[in-house]
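Two complexes are shown next, each including chain A; its partner changes from chain B in the first to chain C in the second.
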Partner chain A sequence: MSIDWQLAMVTAVRDETPTVRSFTLGLPGWAGHRPGQHIDLRLTAADGYSVERSYSIASEPERAGEVDITVERIPGGEVSPFLHEVVVPGDRLEVRGPIGGYFVWEAGLGGPLLLIAGGSGVVPLMAMARHRARAGSRIPARLLFSSRGPDEIIYRDELDRLAAAGDGFAVAHTLTRQQPPGWTGYARRVDEQMLAEVIEPLGAGVRAYACGPTALVETVANALVRLGLPPDRIRTERFGPTGT
Partner chain B sequence: MEDRIAMMHDDPAVDLTVDGSAVGGMLAAAFGVEMTAAPGQCAHCHTVSVVGAMRVYMRGPGVVLRCPACAEVVLRIVQTPRGTMIDARGAAYLVIERG
Partner chain C sequence: MGERFVTRGFVGRREDATSGPMGGDERRRRTPPGQYLTTDFPVLSAGPTPRTPLDRWSLSIEGLVSKPVSWSWAEFLALPARDWVVDISCVTKWTHLDMRWRGVSVDTLLEGLDLDPKAAFAIAWSDGGYTTNLPLADILNSQAFVAYEYDGKPLAPEHGGPARLVVPARYFWKSAKWVRGLRIQATDEPGFWESLGYNNRGDQWREERYTDD
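Right after this comes the complex of A and B.
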């Protein structure tokens, strides 16, 4: 296994929301990844000072030779504002990966699948959802997605399409700060009652993956245990203090 | 043990913790194999958990991995100019799978 740093070419940059941007990284020698894995990205200044951050892979493994990452801009941060403000197609970035063998889901693992995301925590879960669709899986899957407001829902159109495909994928949104007129989704932070309602149609044997700001993942993991899910069926990826 | 977990949850620094996969790159570079699915046993409470399920604090000069059951320190990792120093006195064992 090679975990050496390698140079990725930025081949496309796309805005997802006013504060979230996706980058396609061309990696000719990429060995492929598993949905849920991440890469480490390293920035090095002229004086040798360097910083590393982890970014989940958003794209499905069926896409060869490149990966997408989706980055939320954290004001005052060292790395994410640089990616947003400085990086353009044609630039090269130092990355290593794919990393992780625990927070991963593949269709072969089975389900039913419960995905819970806060803000940019949707990124690795999107790799799972995209993989599920591309692999033609009909494993029942539900995403509970917490965003601040309607304009901040990452991948909104694609999630609508995935949910409309009729292959057993459903999405429930909660908007914690601002709801548009006529909003019929949830309008509060994720809590045990909400999780109970979302998990109910999935029946027994659920595998849960929760990702996002540490505080949200903490709440979700504790609530799922209280709802009776065995701890070894709950996998978590905490992104740290940032986000929703 | 319960007190410790309560302490961990009350501590504002908890917001800065992440999961074991956040150090997956560092560990893969040090061990040469994927380590986040590797099981290890806590030397304090004997719970076996995979590295990916351990709690990680990485805002300090080194990285600290804590047991998800009792919150005691299992591994400390410090990058030095000579290489990666791993203080494993909190681990009864760690399984390094064939790469």
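Right after this comes the complex of A and C.
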């Protein structure tokens, strides 16, 4: 069965940070997805010129008939500036999916769950966190989230709420470039020591998912192997330096 | 979808036909459908980068061959190698033109091995458990090589070093990183990504990204 292109209706647009925006795509025929999967998006000009990009799905599968994508605006990019500057509710976009079957976590897979994100790499991990909450899972889960500064933390308020729910989900932030006065979180790039501290309360049998820039993911995956996680329990997704 | 859908307000960023060392027309002609050009070398992998010490590394050809063969790292480096300048397309949408590698042709690896007449497929397998499947017809006749240098330098671990298979005519997941062997078979057998929704053949010019594309 092939994955056909379908027309999505943009039903909502929401700013997450000054450079990151979420789009809700209404998909009446959506067959559902698993947290961590992505969609392909195709833009076509009047003369037939077209481009495609992949975007992780941010929303949980429990929301039927629609998905959210969260897109960072890349200066000089071809697709993300269009999505940010032109697309408004009521527009239609061609998408197909869901795609990808490895970088996926569902409550049924069990835990404990360790999520490590750099910047907009948080998007597929957010689908996992939202799914965990919506499914009523009590599987212990922790997110280590690296952002440059306080204004660049994607989903900040929602992450605060998820962590305050008392159902076993915790968030540790690190701010690598700029920290607000009184900041009590981490203030450096993710390293092995930080990972050891974040993973410690989770105990044995951790499943880890890391998504972000290549350098962060490479650091995280290597450090988790040194910390004793079996390589097949470490799943990675990276975006390279192009990011357009 | 029958009639082509047009995205409201989308114009796109067109290549300047005269810019760059290569004309825009030439670059467009060499860019498969749905791909964009980059000069980076993005890293994609599903898990941690495996690190096998070179003194424990070997490359094997096994399966439907009269006699399986295995080379140590030193033996592999002693095989006839050549430079390859090829265009690479990744299913994640990037295409990088004129990537310069050094490596050993699959033809060289299979030379004198006496393939069984039933041999039709190769399963490339790697450190870390990765596999990918290829018809022999897709990797013979200078269509594939095992690379150990990229851009004049030893192939970096995150790019598949010490050695990776390179099959330029297919999406890059077929170019198994950290390759350790080819298993020759009579029957096809989906590899890692081919079992997870990606296309069995992966021809970027036919845009065979996902199952049944």
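Just so it is clear, the second predicted complex is superposed on the first by the 239 of 244 C-alpha atoms of A that agree within 3 Å, B and C clash if a C-alpha of one lies under 4 Å from a C-alpha of the other, contacts with A are read in each partner's own complex, and residues count from 1 in each chain.
Here is the rule we use: a contact is a pair of C-beta atoms (placed from the backbone, for glycine too) under 8 Å apart; a residue touches a chain by one contact, two chains touch by 3 or more.
Here the structure is a predicted model, which is why all the values come from computation and not from measurement.
Colleague: Following the overlay on chain A, give me a clash-or-fit verdict for chain B and chain C.
Modeller: Clash: chain B and chain C overlap once superposed on chain A.
Colleague: Would you sort A:Gly182 into first (chain B), second (chain C), both or neither based on which partner it touches?
Modeller: Neither partner.
Colleague: Looking at chain A, which partner touches more of its residues: chain C or chain B?
Modeller: C
Colleague: Touching A:Ser54 in the superposition: chain B (first), chain C (second), both, neither?
Modeller: Once the two structures are laid over each other on A, A:Ser54 reaches both partners.
Colleague: Does chain B (first) or chain C (second) touch A:Val86, or do both, or does neither?
Modeller: In the superposition, A:Val86 touches chain C alone.
Colleague: If we overlay the two complexes on their shared chain A, which of chain B and chain C does A:Gly100 touch? Say first, second, both or neither.
Modeller: Both partners.
Colleague: Just chain B (first), just chain C (second), both, or neither: which does A:Val225 touch?
Modeller: second
Colleague: For A:Leu43, using the defined touch cut-off, is the partner it touches chain B, chain C, both, or neither? Pick first, second, both or neither.
Modeller: After superposition on chain A, A:Leu43 lies in contact with chain C alone.
Colleague: For the superposed three-chain arrangement, which chain C stretch in 3-11, 75-83, 111-119 or 165-173 runs into chain B?
Modeller: The answer is stretch 165-173.
Colleague: So which positions on chain A get touched by both chain B and chain C?
Modeller: The answer is residues 1, 3, 40, 52, 54, 99-103, 214, 218, 235-236, 238-241 of chain A.
Colleague: In the complex, go through chain A and note every residue touching chain B.
Modeller: Those residues of chain A that touch chain B are 1, 3, 38-40, 52, 54, 96-97, 99-103, 213-215, 218, 235-241.
Colleague: Chain A touches which residues of chain C in the complex?
Modeller: Those in contact with chain A are residues 1, 4-14, 34-36, 38, 40-50, 92-94, 128-129, 158, 192-193, 196-197, 209-213.
Colleague: Please give the residue numbers of chain B that touch chain A in the complex, ascending.
Modeller: Checking each residue of chain B against chain A gives 9, 14-22, 24-25, 28-29, 32-34, 36-37, 50-53, 99.
Colleague: Note which residues of chain A are touching chain C in the complex, please.
Modeller: Result: residues 1-7, 40, 42-46, 48-54, 78, 82, 86-87, 91-94, 99-103, 214, 218, 221-222, 224-225, 231-232, 234-236, 238-242, 244 of chain A touch chain C.
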